[in-house]
Structure formats: C-alpha cells, structure tokens
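Below are two complexes that have subunit A in common, paired first with subunit B and then with subunit C.
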Partner chain A sequence: MVKINFFTLFRLELGIKNIDIDIDKKIKLRDLLYLAEDISKKKFIHKLIDEKDGLLDSAIILINGKNVHHLQGLDTIIKNGDEIALFPPGGGG
Partner chain B sequence: MANELLDVKALRVNLTTGEIKQESVDLELVKKYLGGRGLASKILKDEIDPKIDPLSEANKLIFANGLLTGTAVPTAGRYMVVTKGPLTGTIASSNSGGFFGAELRKAGWSLVIIEGKANKPVYISIKDSDVKINDASHLWGKTTDITTDTLVEEFGEKNAKVACIGPAGEKLVKFAAIINDKARAAGRTGVGAVMGSKNLKAIVVKGSERIDVVDKAAFMNAVKSKVDIIRKNPVTGEGLPKLGTKVLDNIINQSGLYPTKNFQFGTFEYTEEVSGEALVNKGYLVDNKACYACPIGCGRDVVLPNGRKGEGPEYESAWAFGADCGVKDLIAISDANFMCNELGLDTISAGTTIACAMEMYEKGYLPKEDLKDGPELTFGSSESLLYYLKKIAYREDFGDKLAEGSYRFADSYGHPELSMSVKKQEIPAYDPRGVQGHSLEYATSNRGGCHVRGYMISPEVLGVPEKLDPQSLEGKAGWVKIFQDLTAVIDAAGLCLFSSFALGADDYAELINVGTNFGLSTDEVLKIGERIWNLERQFNLEAGITPAEDRLPDRFKDPLPDGSQKGAYSHYEEMLVEYYKIRGWQEDGIIPKEKLEELGVA
Partner chain C sequence: MNDIYSRNALFFSKEEMRSIKNAKIAVVGVGGLGCVVSEILARMGVVSLLLMDNGIVDMPDLGRQSLYGLEDIGKRKVDAAKDALLKKVDTCKIESVFCDVNKNCPVELLSQADGIVDCLDNYESRFALEECLSDTQFLIHGGVENDYGQITTVIKSKTQTLKDIYPNMESTAKEDFVAVSTPVVFVTASLMAQEVIGNIIKKPNLVNEMLIVELSDFSFSKIKLN
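The block that comes next holds the complex of A and B.
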C-alpha cells in the first residue's frame, strides 16, 4: 500500500487529507498520480505538472521526505510502503 | 506642495535639543543607494561611530522609506528602521509593511532621522510639513494597541498612522520591536530598544500629497503588468492569499527542516495541530489582510475561541512559540503572537530565547530557584510560554535575564552553545543542516541570524525560481551572493520580499527605471545591492564584529537526528572560502580597499 498525503491548498480545496492506494507492483510516480486522480475523483495534477508533462519547478512532491526533483522526477519508482506528500506551489517566510 | 518621487526629503529630529530640520537628499546618493535600507545605512555609517553603545544617546534611529514606498507599485508599502542594533552590535535594519511608511511618504518624508535623547517620554507628530515633539508621559507604559488608538484620537485624524513601542521597548529589552498599524512589526534586531533608549514612544503621521512620477502613463503600465504577474503566480496569487505564510508548516516539517525544541530535532510530531491548514480548519481564520498597495494579502485576521483577536500568527512566529518550544496549543501560540504585538517584542527572538531556556532547564543548567514563582520551563508548556513573555517585556524577575536574548542569557549560565543564534541574534524557522545555501546565508547575514537577507529556502526547498538540491554545495556561494544583493535592492526600493516569488531582477530594474528615468541596467541595479551589502559589512567590521562571527552554533555540525534529512549537517565553513572569494573579499573575510573603492563605499 502507498499512502498519499495532501497538504496546504490541496487539502483545503479538494477536501481530502490522504488516500491509500494498493499497488501490486512497482509503479512510476506519474502513473501513480493519475491513478490517484481516478480513485479520488479529484483533479490536482495540473498544479504539479505543466502542459508538456514536465514537473513544475515549484511543485513539491516528497517521497518519504525526499523531493522527487532530486530523485528521478515523475519517473521515480514508487514501491509498497512509500509515503508521498503533495503540495501545490507555495511559499512564505 | 508637489511631492515628486525624486524629491527625497529627510526630517532630522534632535530629541536632546528639540531641533527639527528639513533636508533634501542629494540625487547622486539616491542613485547609488535608492532609499530605505540602502540610503539609511549610508547615512548611519557616515554619521555615527560604529563602535558606540547602541543604547547610548550617540546612536541614531532612522525610519527610512524605500524609493518607491507610497507609490502604486505592488507591495510598495515597506519602510525600514536602521540603527546600530543592541542585540547584535551590528548595523540593524528591520523592515515593516502596513500603512505607516506610505503615509509618511505622502506627508513628503522619505526619511526621519532621530538623534539624541529626550529628557522625558515624547512622541513625534507629523502632518505634512508640520512636525512637533509632544509630551508622551500619559502613554509611557501602555501597550502598542492602546498607544495607537490614543494617539489617533488625540491627533484628530482618524486615518493617521502610528509606529510605536510597547513596554518592551521602554524597558530596553534587547529584542524589542517597533509596531506600526497595531500588528505590523519592524521586529528584529532590537530596534524598539533603541527607540525606548531615546524616550521616544511613537511617531504619528498623516500625509496628504500623492507622489508624482515623471511619466505617469508608463509608470502605471509597468505597475499593471507586475500586478498581473503577481496575481497569476501560484505562490503570490493563490498560496499566500489563501493560507498566508503558514502555508509553510507542513512543507518544512515534511522536508525535515522544522526546528523543534530549540533545534534539537528537525520534525515536530504535532505539526498537524498547529499548521496553517489547522488555522483554517479550526475556524480561527476570519479573513486575509493586505499591506498598502499589496495584491498578495498574506496577513491573517484571526479570532480565537477565547475571544482574543488580532493579526497573525505568521509562520515564523507560530513556529517560535510552537515547535521550537514544543507547544502544540494553537490558541496559546496565537495568543503569544498577539501579546508580542501588544508588548512590542520580536516573536522569533522571544520564542527562541524561551526555547533555549527550556532546554537549559531540562538539562539541569538552570536552577529552579532562579525562576522565582514562575512555572517550570519545560518543553510543551504553553503556560510558561505566556507567563515568561510578559515577564520579559516588563523585565520582571527571571524575565529580566531572558530579556537579554538567548546568547547573553545562555552565556551567563556558562552554556552559550545552547543559544541558537548568529552574531547573537536568534535564527529562524529552518534547520540549516538540511539546506546548505540557507546555512551559508545565516552565517553571513549582516544583521545576525535571519532568513530575509537572502532567502535560499526559495530555490532549495520551494523550487522558486528553480529547484536546487538543498544538500549540494556546488554554486551555492554564488546563489547566496545574488540573493543577498537582490534582497538589498528590494528593501531599498521599499517593496515586499514576497513579491520576489513572482518578480525577478529585471522586473525590479524596470520598476525603478520607469519611476525615476535612472536608466539602470539589471546588472547596475544588482550592483546597488552589492554596494549596500558591502557598506553594512564594513560598518560591522569597524564596529569590531570580526569575520570569526560568520559562524553557526556548533549544534549544526552534528547530524540531524530525525526526519527526512536525518544525518545531514551544515557545511557552511566549506562554502565560506568560496563566498568570500565571489564577494571579492580577502581570504580572511575583510573587504579590501579596492573593493570598497570600486563600489564607491570608501
């Protein structure tokens, strides 16, 4: 099982805190995100990925706390037990 | 009276003699330093001996509007308070938004230079060119909210704006703030104590002149295009308006950088309880608030279930009273923030100093008798948080020791290593071990531990303007330099640093040029930032702050014990050499004469 946690505006606007997804084999992050949209029936990928299927610089996707920008981006392999945190672009200070 | 953008005027008020003078600032100086932090730092360095005692009569306190403050440029409501700071002994400049700065500019004043010391409490009233020093005996001891209401009423102008100190500034608490518009703070570096040392309780101002620019149509076009960029940007157009700065709690905690219990850990188990999302979901957030001419509106209007209301808490403040003190009670955290505004205290230094005391108490370095009748200083105690905040502001009992800031406090018990500070100022809400560029930024900040002198969290964590690996050292020294220089420009222009989530150096250059016809290239604008940075550094060197103080507490050489950055530690020392080199400084961190001459600082 993979846990996807939604934070900041995702949580407030989509009204979901997290979803659990059963995967029987390893899966790429990109495919997992589309699967999560299907299961949750919520649209959020457009806040993370641009029209050319590229990860936005300011999208924050953490796999077990590590930013996927410094892993393999959308091609990062997700396995059972991973915990994913999704944040739309945000900043403050 | 015409109020032209390039007619930069200073009001010089000597509180010892009561003399009030009006001066014009040389345009060449404006071209070199713009305004705000830049111009005021130049004036301070020229006019005071950097070695003076910051709380002596010889220190000066400069309220300085940025070049564009009070115009229609988005976020152009910022002013800076520049002085020699009592917490750090460095040059201090503390920035604030709200409406006070813009009102002062509309009264015709870019700078108010306060000199000397009044022999009894006074306040300064400014109605355009009518400036007076008035008795403030009846306001002494009052909180900032009451002071503000009383002055607006007495002044007879309901739209007058007030900047004042609370009891903490009067009592010379080393991290006392100046509060304007009741809830906006020139918070850091203890500028409020300098105001208190001069017996100056407040400035109240009402202005009536709009600011004229050379080519109004071109100016408004540029303004409109930048507002559009800010509105369309997901951070400034959506994240900040909807969640405020507390959008960061979960981002930073999940990234393993959320300093907990005086920076002993990088994650806080109760973040969900105290996050920006919780502030909304628990129904405490009523509305968002904007400073003058700001399309972002990151301010929070909050009402607590106990009936207390106010602005905030902001990310840094809520972290300082929350995770850093191990407190998970969002009501107490918000209340602590309101109290700091009322008492006139810097939230970051207040929370971090209490967190330091909590660690010392738990480790047995702080005898219980010293607390007098106060509650035990244990992590997680919201009762002790609120109790000691008040004691600090009035310098009562044990609060008198805490009022010196964490460094002097911990040092007095023989444990300076437990003060999480740089140059004696407490560092804010990002553990430097997990973000190498930001760690270098902390170490080299000219006003001590600070996140807004070159916010490397932006590229290293938030991916703005591009995503950098937070653990990589490569190129970071260069990034830090550019961020520091650009930030100095934004400050000198009178704009909010948050605009830089959407705007870049070219945008700022365009806004400066269209208002002034200076015709500066982007590189020349960045050079202004570099000039300001070097001038501040030179002030510090002459004040006796040596490059040996470009350092972080030893704790950050030890690996983070938890969270996603477990095992990471700060490599700032390795980057310092490259940083000095990129800055054109000597290997020992001293600025060579040639560099000062090249920048025209000497």
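The block that comes next holds the complex of A and C.
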C-alpha cells in the first residue's frame, strides 16, 4: 500500500487528508498521481504538474521525506510502503 | 523565587535554565514570527539576543507583529523591537542590526550565535541565511501562509538543508503580500520558540522532521525527512 498525505492548501481544497492506494507492481510517481485523482475523484494534479509535464515550483512533493527533485522527478518509481507528502509550504514570516 | 524566570525554573532543571541563560540566539526577520519568538526567548531567560531585519514598521504590520504599536510606525523594526523587549525584560542584552540578509548580512555576528531562527518572509533570503550557517549551529526554520505553517530544525552536519527540502522554491516569484492569519503566526512562532529552547537544552523535536501546523482543522502533523 502507498500512502499519499495531503497538507495545507491541498487538504483544504480537496477536503481529504490522505489516500491509501494498493499497487500490485511498482509504478512511476506520475501514474500514481493520476491513479489517486481517479480514485479520489478530486482534481489536484494541475497544482503539481504544468502542461509540459514539468513539476510546478510552488508545491513540494516528498517521497519518504526526500524531495522528488533529488530523485527522478515524476519518473520516480513508487513501491509498496512508500509514503508521499504533498504541500505548498508557507512563505511568509 | 520571585524573579522573572521563576515559574520556568520550576519546570526546567537548573542546568537547563543555565543553558537557556547562556545561549546566544539570532532572530533573523523581526516580523510576525520574529516578534513572538524573540519575546518568548527574552521572557524565558535567553540573555543574548541578536535581532536582524531591514524593515520599517508599517500599518499592516500591527495586525500580527506583537512588539509594535501605533507609536512605532516609521521606525526601524529592529530598534522598535529592541525597545519593546527591554521594557518587558531588562535583563537581556539585545543587539539590533538593520540589514538585508541578501546584501549585507553580518556573517561575523551570526557566527557567534549558538542558534539562528529563520523568521524571514521569502525563500531567497532563507537560502542566503542558510549559507551563513556553520556545520554545528542550529537553524529553526518557520514559514506561514493563510492559516498554516511549517517548522523544522536544520543542522548541516545532521539534517537536510532548506535547499534540499525546497530545491524549487528559490525561483518562485517573491510575493509582496502573503495572505496570513494572525493566530497561525502566534501559534507557529510559539512552537518555533519551543524548538529553539529544545535545541538549547539538547531535546529538540524537529531534527529530521517537519511539523505542519494547520489551524483549519487544528492538526499538527510531523513528516519524517530523510
């Protein structure tokens, strides 16, 4: 099972805290996110990925506590047991 | 047992109170977060505080920046904050430096601090501040927006840096006006002060963990950082 945790604006706008997804084989992050959209019936990918399939700058995707920018981005392979955190961090002080 | 710190002294050990007293802490950014953080630290007995900011007190600041009042409009924040703190607690020594972390950061002064508190309002400055951090100094990072905030401890020899956690944030446009609610500023800043004290007494909670504070549902979530 893979756990996707939504925080801050995502949680507020989607009205859900997390989604657990059972995957029978490893899949890429991009495919997992689309799967999560299908399952949750909530649109959120446009806040993470631009039209050119690039990661948007405003939100953070952590896989097991590591930013996907240091992994393979949207092509990062996700396996059972992985935990994903999605949030736009606060910038003010 | 009637001094300013006596109630805290009933809770913390003598050794911990000594560590708190002897700690040198730099609060960088004396806006919403920095006002509350520096007030808590001063009231708890941190004697040596360094305040850094390049801002001037403006009317909208009064909505959430607890050390300022109407009479401070137009003053340098670092000066108004120092005056306000010394009126509350006259035992602390406060050095105030009017400066922009990106342009004329007093690296020498920062290097003397045991810990630095990131109360800045943009990521470009946060990354510049992090550059000044030694391998062993602790940096308490906080950020707020709308009604949520996040906090973590950065120690270069032990944790990810802000650049590791937020590699894509530097390029984001610097917003002049960030939407923020007053309660989340006070809550997040109070927790940052708690983490400063935690680091001083060697009991930090957010080393390799990020705390997300959400007032919309009163939730506190910890994310493990690797």
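What we mean here is this: the second predicted complex is superposed on the first by the 89 of 93 C-alpha atoms of A that agree within 3 Å, B and C clash if a C-alpha of one lies under 4 Å from a C-alpha of the other, contacts with A are read in each partner's own complex, and residues count from 1 in each chain.
In this text, a residue touches a chain if its C-beta (ideal position, glycine included) is under 8 Å from a C-beta of that chain, and two chains touch if they have at least 3 such contacts.
From a predicted model like this one, the values you see are computed outputs, not experimental measurements.
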Inset, instruction - Could you look at A:Gly81 and tell me whether it touches subunit B, subunit C, both or neither (first, second, both, neither)? - result: neither
Inset, instruction - Figure out whether A:Gly93 sits in contact with subunit B (first) or subunit C (second), or with both, or with neither. - result: both
Inset, instruction - Check whether A:Phe7 is in contact with subunit B, with subunit C, with both or with neither, and answer first, second, both or neither. - result: both
Legend entry - First, second, both or neither for A:His70, with subunit B first and subunit C second: both
Inset, instruction - Figure out whether A:Lys47 sits in contact with subunit B (first) or subunit C (second), or with both, or with neither. - result: first
Inset, instruction - Could you tell me if A:Leu62 is touching subunit B, subunit C, both of them or neither one (first, second, both, neither)? - result: both
Inset, instruction - Could you tell me which stretches of subunit A are touched by subunit B in one complex and by subunit C in the other? - result: 7-9, 11-12, 57-58, 60, 62, 64-67, 69-70, 85, 87-93
Legend entry - Residues on subunit C engaged by subunit A in the complex (per definition of touch): 29, 31-34, 118-123, 142-146, 148-150, 160, 164-169, 171-172, 175, 178, 180, 188, 208, 212, 214, 216-217, 221, 223-226
Inset, instruction - Please name which positions on subunit B make contact with subunit A in the complex. - result: 234-235, 238-240, 242-248, 250-251, 254-256, 276-277, 280-281, 298, 314-316, 451-452, 455, 457-458, 461-467, 469-470, 497-498, 501, 563-565
Legend entry - For the subunit A and subunit B complex, residues of the former touching the latter: 7-9, 11-12, 47, 56-60, 62, 64-67, 69-70, 85, 87-93
Legend entry - subunit A - residues contacting subunit C, complex: 5, 7-9, 11-12, 55, 57-58, 60, 62, 64-67, 69-70, 85, 87-93
